[in-house]
Amino acid sequence: MLAEVLLLARKDLRIEWRAKVALGQVAPLTLLIVVIFAFALDANAPLLELGAGGLYWVAILYGGTLLTQRSFELETEDGNFDGFRMSSMKVHSLFLGKALALFVQICLLEIVLGPAILLFYDVQVANWALLVTAGVAGTMAFSVCGVLWGVMAAGLRVRTTLLPLLLVPVLAPVLLAGSRAFETALGVRADAGWSWTSLMFVISAVHTVVGLGAFGFLLEES
Amino acid sequence: MLAEVLLLARKDLRIEWRAKVALGQVAPLTLLIVVIFAFALDANAPLLELGAGGLYWVAILYGGTLLTQRSFELETEDGNFDGFRMSSMKVHSLFLGKALALFVQICLLEIVLGPAILLFYDVQVANWALLVTAGVAGTMAFSVCGVLWGVMAAGLRVRTTLLPLLLVPVLAPVLLAGSRAFETALGVRADAGWSWTSLMFVISAVHTVVGLGAFGFLLEES
Amino acid sequence: MSAVVEFEDVVAVTGSFPVLTGVDVSVNEGEIVLVRGENGAGKTSFLRACAGLLRVSAGSARVLGFDMRVDRRTPRRYIGLLGHENNLYRDLWAKEHVEFRAAAGGGPKSDAEAALAKVGFPSTLWSVPISALSAGQRRKVAIASVIATRPRLWLLDEPHAALDAESRTNLNSVLREAASAGATVVFASHESALSKELSSRVITLQGGRVAGDSGAS
Amino acid sequence: MSAVVEFEDVVAVTGSFPVLTGVDVSVNEGEIVLVRGENGAGKTSFLRACAGLLRVSAGSARVLGFDMRVDRRTPRRYIGLLGHENNLYRDLWAKEHVEFRAAAGGGPKSDAEAALAKVGFPSTLWSVPISALSAGQRRKVAIASVIATRPRLWLLDEPHAALDAESRTNLNSVLREAASAGATVVFASHESALSKELSSRVITLQGGRVAGDSGAS
Amino acid sequence: MSGGTNSTEMTATPATRVLGVSAVAATALMILLGLVISPADVVQGEAVRMLYLHVPSIWIAYGSFVLTSFSSLLFLARSKRRPDGGRHYDRLAGSAAEIGVLFTAITLITGMLWGKVTWGTYWQWDARLTTTVLLFVTYLGYLALRRLPVDPMVRGRRAAVMALISFINVPIVHYSVDWWRTLHQKASLSVGRRPEITGEMYWTLLYSVLTVTIIAAWLTVHRYRVIRLEELRDEETLEQLISSRRNEETADTAEPGDTI
């Protein structure tokens, strides 16, 4: 099964490599959003420091949704969803493979965005371990949810707009948890950042379990 | 020419009517974004001073981008962009027709979003005339820019992700102007809301002129 | 008879690949020209160049009297193009779509019903969303859309594909009728039997240039 | 000989329209079956029902021994489907695509080159992105992808469309070879000459049901 | 196709009429209790009467969503094994979700009105309020998914998966007051942390819960039956469509050219 997961993920990542969507388009876009925000807040330094965690996750939410859309655009253009469904890979591999590729792509995004935020907003990291763990937890949650809802919307028309509608409410808790955890990691909030991080792991786990269980059903029909 | 503009706009709006994308999907989504945003930022209350006006326009920026994407998805799926380019309508009609349809759709969005924001943020309107004029000016700017950049991205692959990247920087000034104008209209800022509104009209005008002039070129290249 | 398409040593490039490598063709009004050739020979590219969708990067290209290197837009008004893809708005109903194309082409909406009838599209399906139609039915809608714009130059890329036997012969007679009314038809096809029967002239492409022309003058 | 497709009074619905209205068909191993019928007769729907992509809402449907009303997923492992659309990842290169499909079907990647050669896809185009290929070349990639998964049941929707004359006869021999090796081929086509020559049996659909079956037993 | 058991022509049966009548009666008593008999609150004054609608509504909504999730689970588990595909579980999930959304809306509305009176604004960016909106929108999305024009079994499965995921929101709403610092009242009824809830107010609240439960049950049953009737109607039109499509040949073979 691992071979299948890697095969699918590699295919997605190869396409990403060719088209450079995550790095070339979505990353600059999220950067831009962060900059605009900073500007809109009148570069009010203490305020920026407070908001950095939240804005980071808002930007990732936006970028991640775009990447999810793109990921399923691949699987639906030119009638491709039939091919996806006809694939003789195990459904679990399909789910995990798509999720893995999405995870890597969102990570790419974060590798660009993270340092940028640290720089622009002039924040100090108080707890690197927490920051990285929370980042990974949030990214996992994003990618797992993205794949689950991506395939839910995939067979349907109007998926460009339906997908965000389905995805955003589900990701909202991740957004909140991620922001709080980052705020702790950046030392601007005393709250228990680790428990927010665990919440994100729980969310990923729940969605993975649901995804593994339900992906078969979701693939059945368009 | 008016007949052509109306013909094209009516076609787009008929499809919207069938699929109910603006009202059924994008409007709830923007609502949701307003809610999530406000909540995420409320933890650090000063951020919310950005206020109703700013969030309104952020939400419209997001929703408007989705609607623009959708609008050009129609014109590109099934090789449709060839059809669009082969159309014997005048290029000006194509530009204005798409813009008109987009304008109406964004207006639909705003009719839902506006009252919701008034309610959620418990703000008082100090100047209705300004509010409505600024709303119209901003919407015009959004739809004109949307069409201009939509067609720019239309011939290309990976347009799902490219379009926002092109659109967001152009719309950022509209976002700022709209926010300031609304803040005046809502009585939370003494600034000259009318001059911000005129700025938006100027932006629309500039983009309309550029659009009318360049649409031919943009259509030529695939 | 005036020349509708006049290509001299036309070169066209997509990406950085030369899809047309020097095409010399002259098509006169009222002709029905079959463009044939292997897969990848350049038929589609040739038709797209005629329609002005593909930029001509060298040589001289005139279509309906317009120099395509100067103005590619105006002649499109008189051209009807049927591509490999159908160019349909999937959310519209079949009839709405043809009406839209007819009106966009400057004609009366009432042409739509006649055009749909001409291609044998059953009237029971007029109000069905295009996304629900079968492949052949969609193709018929696409052809009807071309018919409804009353082009002077018809550019058809594999018009027979996806159609059933009856509709194919029916399409042939529609095209013959158009040609006899003065329109010019250039079409690419792999259906040798049907297309030879239809065409008055056969151009063979190979490697992006003309390798044979039954009507070379 | 065991039955590969056994449909009894199969009804299938898309949207709320009955695309199959009671299909009775039984196809045996090694047969090459042509499914014909007018546009909209239900050929595509039938093939999709065989592939498990269309839910059977009444009747009994068994494919390769699996009850399609219970498990539509397992039999897909042994089925190769070529639809109207090509199901290609346009950003991949032709060879990469076929390799991916081969590997996804559990076979070795090395099948890809053989499959591409079989359909006559020129090796100079192996590393060209699919989006740059011509319509017929894409179709060949799609067919090669099916070949590379070595299906036991081939479901082909207008396999001849878009191919040039040579590739068509070539495809016929590929299919004949597959059938003689024990695979079963069910294909829909509007190319009467080519497909009659290929098929060992002809099923005619009309209005979503079987109107004629040359090999009815 | 038609595994219909009791294809009633009306949505009411004697049993549900009893349910309906008792709902009406209970409502009357609830109004009496809530508006007249129970005392005004020391702190909140008359506004506290909003409590008797506000709180039971959301509890019933929770209950409906539990029901939705439970029947979705059963639908997923059973749909393959049953001849009718276990459609009744799907129907139950759908009708319960509709009622849940309705009562969530009631909570939102009463909450906002109450907020205007006690906090001075309709809305506060408070965790409980926000999560409640999130819950509301999520289930609106669920209902939107149910309305998409695809095969009913397929739609049912998709919706069932979504229902299971959406349920996560319910505990989030409930515990939001503990997880975030909020303006909103903490959960109290069981522990009696809030001194205001005593005596008549306590009993009135309990009674309101009972009443709203009856109303919700009654509504759910009726929605279930309406959905069932719609399905029967769809099945009937489908039968007609099938037979007319089967007879297409008589119309079409009149044309020549189809010979083999």
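A, B, C, D and E label the chains in the order they appear, each numbered from 1.
The rule is short, and it goes like this: a contact is a pair of C-beta atoms (placed from the backbone, for glycine too) under 8 Å apart; a residue touches a chain by one contact, two chains touch by 3 or more.
All values derive from a computational prediction rather than experimental measurement.
Student: From the C-alpha centres, identify the chain that is farthest from chain E.
Tutor: Farthest by centroid: C.
Student: For the two copies chain B and chain A, is the contact made of the same residues on each side, with over half of the numbers shared, or of different residues?
Tutor: same
Student: Could you work out which chain's C-alpha centre is the most distant one from the centre of chain A?
Tutor: C
Student: Nearest whole angstrom, what separates the Cα centre of chain A from the Cα centre of chain C?
Tutor: Those two chain centres are 45 Å apart.
Student: Just how far, in Å, is the C-alpha centre of chain D from the one of chain C?
Tutor: 29
Student: Could you tell me the distance, in whole angstrom, between the mean C-alpha positions of chain A and chain E?
Tutor: Measuring from centre to centre gives 31 Å for this pair.
Student: So how far apart, in whole Å, are chain A and chain B when each is placed at the average of its C-alpha atoms?
Tutor: Centre separation, chain A to chain B: 26 Å.
Student: Can you list every residue of chain A that touches 2 or more other chains, as numbers and ranges?
Tutor: 19, 157, 165, 169, 172, 220-222
Student: Which chain C residues touch at least two other chains?
Tutor: Those would be 84, 90-91, 165-166.
Student: Residues of chain E that contact two or more other chains, please.
Tutor: Residues 134, 137, 141, 144, 150-151, 153-154, 258 of chain E each touch two or more of the other chains.
Student: For chain D, which residues count as touching chain E in their complex?
Tutor: Its residues touching chain E are 11, 13-18, 21-22, 36, 38, 55, 57-58, 70, 202, 204, 206-209, 211-212, 214.
Student: Residues of chain A touching chain D in their complex?
Tutor: Within the complex, chain A touches chain D at residues 4, 7-8, 11, 14-15, 18-19, 74, 77-80, 82-83, 85-89, 91, 216, 219-222.
Student: Considering the complex alone, what residue numbers of chain E touch chain B?
Tutor: 112, 121-123, 125, 127, 130, 133-134, 137, 140-141, 144
Student: For chain B, which residues count as touching chain A in their complex?
Tutor: Residue positions touching the partner: 19, 21, 25-26, 28-29, 32-33, 36-37, 39-41, 43-44, 46-47, 50, 54, 62, 66-67, 69-70, 73, 157-158, 160-162, 164-165, 168-169, 172, 175-176, 179.
Student: Would you pull the chain D residues touching chain A in the complex into a rising list?
Tutor: Residues in contact with chain A: 51, 53, 55, 72-73, 76-79, 81, 83-92, 96, 100-101, 103-106, 129, 149.
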